[in-house]
């Protein structure tokens, strides 16, 4: 056995860490803040990564990538999420919009969309969830009606991250009513500048992170904007969701903040109540546990295998870790002054982690959906 | 009925004094690993001691030998727990389930026949669950065929605690196989001496065998043994089950708070070989404090449940909330007790019979506490009840 | 990265499980309980045939992984035999096995075997010891007996991690079994006209238990590698594993009992036997609180090894893409 990722992956990790250290302000907490400078920073950082072939390392060389192994991709996910995702909104384009277009797009679509994603110049948003289609995504109602040689899209999407800044939307809409609700769905690659789109930000308690509603009122799209076959959208989306399932390396940020805590608190660390030291140690163990569960999924991926139960189990473990570690870290900062310098940066990062963690068991496939998937896999195996 | 505080305080000291004079010294040691006959004799004798002072069935109506106010019953159970009096585990079904069945749904003749007999030591067992009817009790399959003035009963009952010692059985039987499942059940009082009854003990993980299986082979029950209308037994069972809830949960919560948890605190105060006390470990102290809060909350909830029940103002599902809280808290406290008491918990291998769910033999108490989230409606069933009746959620789609 | 046991080790584990199954399977634990002093003789021929006692987990990764797989298979059958403890035998002492002891009075589930044991404390002090005679029925003691320990000497530092990790593999096998039994039970048992497995309340309890079991398995594999690779913090890794193992066992057995209902407490179900057999492994040498405390002490301000070290935070004085906020 070998639990080391190997010299190549570690070199990549060091390179990323150096870039973060030199270019990302140490108080940066993500690109979706109300400060436009954060977005600018993230775009600049993406160009830096793109110049080094690090923005979409998993992509084939043909499209500006470097055919990185699943383990290298894991290291990129870890380093980026640990440092508050300095790629900003780009991870969506890089992680699943691009790969999906590579698999299902026409040559024209690939030529149009892949180079800008690879250069870090474009932001995508995901038009999936609707007010009445959350966990039950297939019951979505946004319609695309045939109109001449194109389509008219009408309806409403919700919880759309980055919609205010995105240039493109990866939209799932209903093009026909069929017997099963999973049928008759189609994917459109839709320019956000099109007439008839209205984006309204939703104020949330998740600190500076933005969510939006997007209204479509007869928005015109052409056949050239359809991804894959008309009516085949559900199958493609399943693939997208399975990219997302490995998803964010939440454990990496948890681990970074947990390990940082003693140094950030300095002498005050030793004065914490004994049981808090114990809860901290337990969380350190749980962070490792979630990381190893993620590695099981990556390991399977590297051998071209999928066990849906394993991905769901990882998601359950990591989202719970996110919330439990946030609670322990909040308790820790409650006992310390942390009024300036490194201490202040740590406190801000912990508070941000806590606010963001609230949504961990809800976003991109709720924990209940993960449990349903895992239960299905478990009972199928018996 | 309001009892002045002064009288309650006096009653409290009366009970306390009586306990100090009458609770057998060292009964725990004598009951640890005692043979079955000794346990039964001890239980019956203790029942009569309590009966003499009027405390064996305080919750019964005055005309049958009870009549104590709820406020006094609360004091009684608090003091019995605080003075570590043996529990009436053997007569439990008789004085609670059987009595409330007779009082709520029995005929005068049935009451006259059995209530005085229970006071004289008649023991009862509940014959409800079956191998294929646990949580889904209404799907029970034991059949009763009417033949003139008698029913002939065949089937199998499971988890009938104490069946080996019982004189009578509360029995649910399907008497109309054609009717919807809740409408074809009848409720019987069955004499355990009737031919055709075979009782076999089941050994559980603790090595105890208070669970029994009961096989019924052409057992003849006279029509006079019916409680409530023929085929109307499901409703009788529902009513009598809900009639007994409050006070038994109160007694258990007082046992946990005033006996079990207190012993755990004592164990944590003992100085170990190195002179340290477990209590000085801040982590242990912290967890004890958290448990203390939960135990206090549970006791106060149970008091509220019985007081509101008496006032006729029961909130829906509050009995389920109390049971769920108690059973899950019991598991966690026992788990913690085995943890902190360590190896000693492991080698304490005999549990004093006649004690509550917490006996101080922590390891065995811990294993025993696993049971509590299952009988009398599993935690899953309790949660369903809380959701549907308490919170007004729609019925679980799968359970239709 | 290679995060699974070798195919050879897995195959050896499967063979061991089959061999123990043919030798009696679940009946082995019942026969041992009926005659505790014959428990060795019951399984000796199987272990002989498997060459179990020729395995030296200290000799290298192959034998270590095979040993772990063997422990897991023994756990599957809730085998009343200290397989892990015997595999841990130090080669430099004239003993039959090794147990780790905690701060309390030394004890281990090694009663009734007439063997010589070595005990090692968490900080690596080692002593030869003798097991006290079995006391009371084994269905309650779980074969746990006190140890009469001789004088302690240094030199057991290399024994601690191994002595903690292999028994966890036995426990892992018990969790595998408990989950498998429970899956079968809820698929077969019908209430309200459908299998229990159709109720989401049941499914969700099962999944949360499975997440615990999988997490435990992942840490068990990692801790084994840590020993294999001779890492300096193998004891930290072993304690982290032990903490996860006890937490997982608590959740898994609670869920499995709850989903079995009352029948799960009865001797005619295998769960009752597996659950009882797991208890000594969860309590000794350190229970949940003790393991947590030991891990906390060792981690200090450092944490476990992983993606980040205690001094990895960059100093913020470097040029950035936007200025620091005040």
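By written order: A, B and C. Residues from 1 in each chain.
Please note the rule applied: contacts are C-beta pairs under 8 Å (C-beta built on N, C-alpha and C of every residue); 3 or more make two chains touch, one makes a residue touch a chain.
Predicted model, so just to flag it, every value in this text is computed and none were measured.
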(message) When I count C-beta pairs in contact, which pair ends up with more: B-C or A-B?
(response) B-C
(message) Suppose chain centres are the mean of their C-alpha atoms. Which chain sits farthest from chain A?
(response) B
(request) Would you kindly tell me how far, in whole Å, the mean C-alpha position of chain C lies from that of chain B? (result) 37
(request) Can you check how far apart chain A and chain B are, centre to centre, with Cα atoms defining each centre and the answer in Å? (result) 52
(request) Note the residues in chain A that touch 2 or more other chains, in rising order. (result) 278
(message) Please output the residue numbers of chain B that touch at least 2 other chains, ranges allowed.
(response) 283
(request) Quick one: which residues in chain C touch 2 or more of the other chains? (result) 200, 293
(request) Would you tell me which residues of chain C are touching chain A in their complex? (result) 1-6, 61, 65, 180, 183-184, 187, 197, 200, 203-204, 206-208, 210-211, 214-215, 218-219, 221-222, 224-226, 228-229, 240, 243-244, 292-293, 295-296, 299-304, 306-314, 316, 318-325
(request) Spell out the residues on chain A that touch chain B in their complex, using ranges where they run on. (result) 273-275, 278
(request) Give every residue of chain B touching chain A within the complex, in rising order. (result) 281-283, 286-287
(message) Considering only the defined contacts, which chain B positions touch chain C in the complex?
(response) 129, 132-136, 139, 158-159, 202-207, 211, 283-284, 331, 335, 338-340, 342-343, 345-347, 349-350, 363-364, 367, 370-371, 373-375, 378-380, 383-384, 396, 398-400
(message) Looking at the complex, which residues from chain C come into contact with chain B?
(response) 104-105, 107, 135-137, 139-142, 144, 190-194, 198-202, 250, 254, 257-258, 261-262, 265-268, 272, 275-276, 279-280, 283-284, 287-290, 293
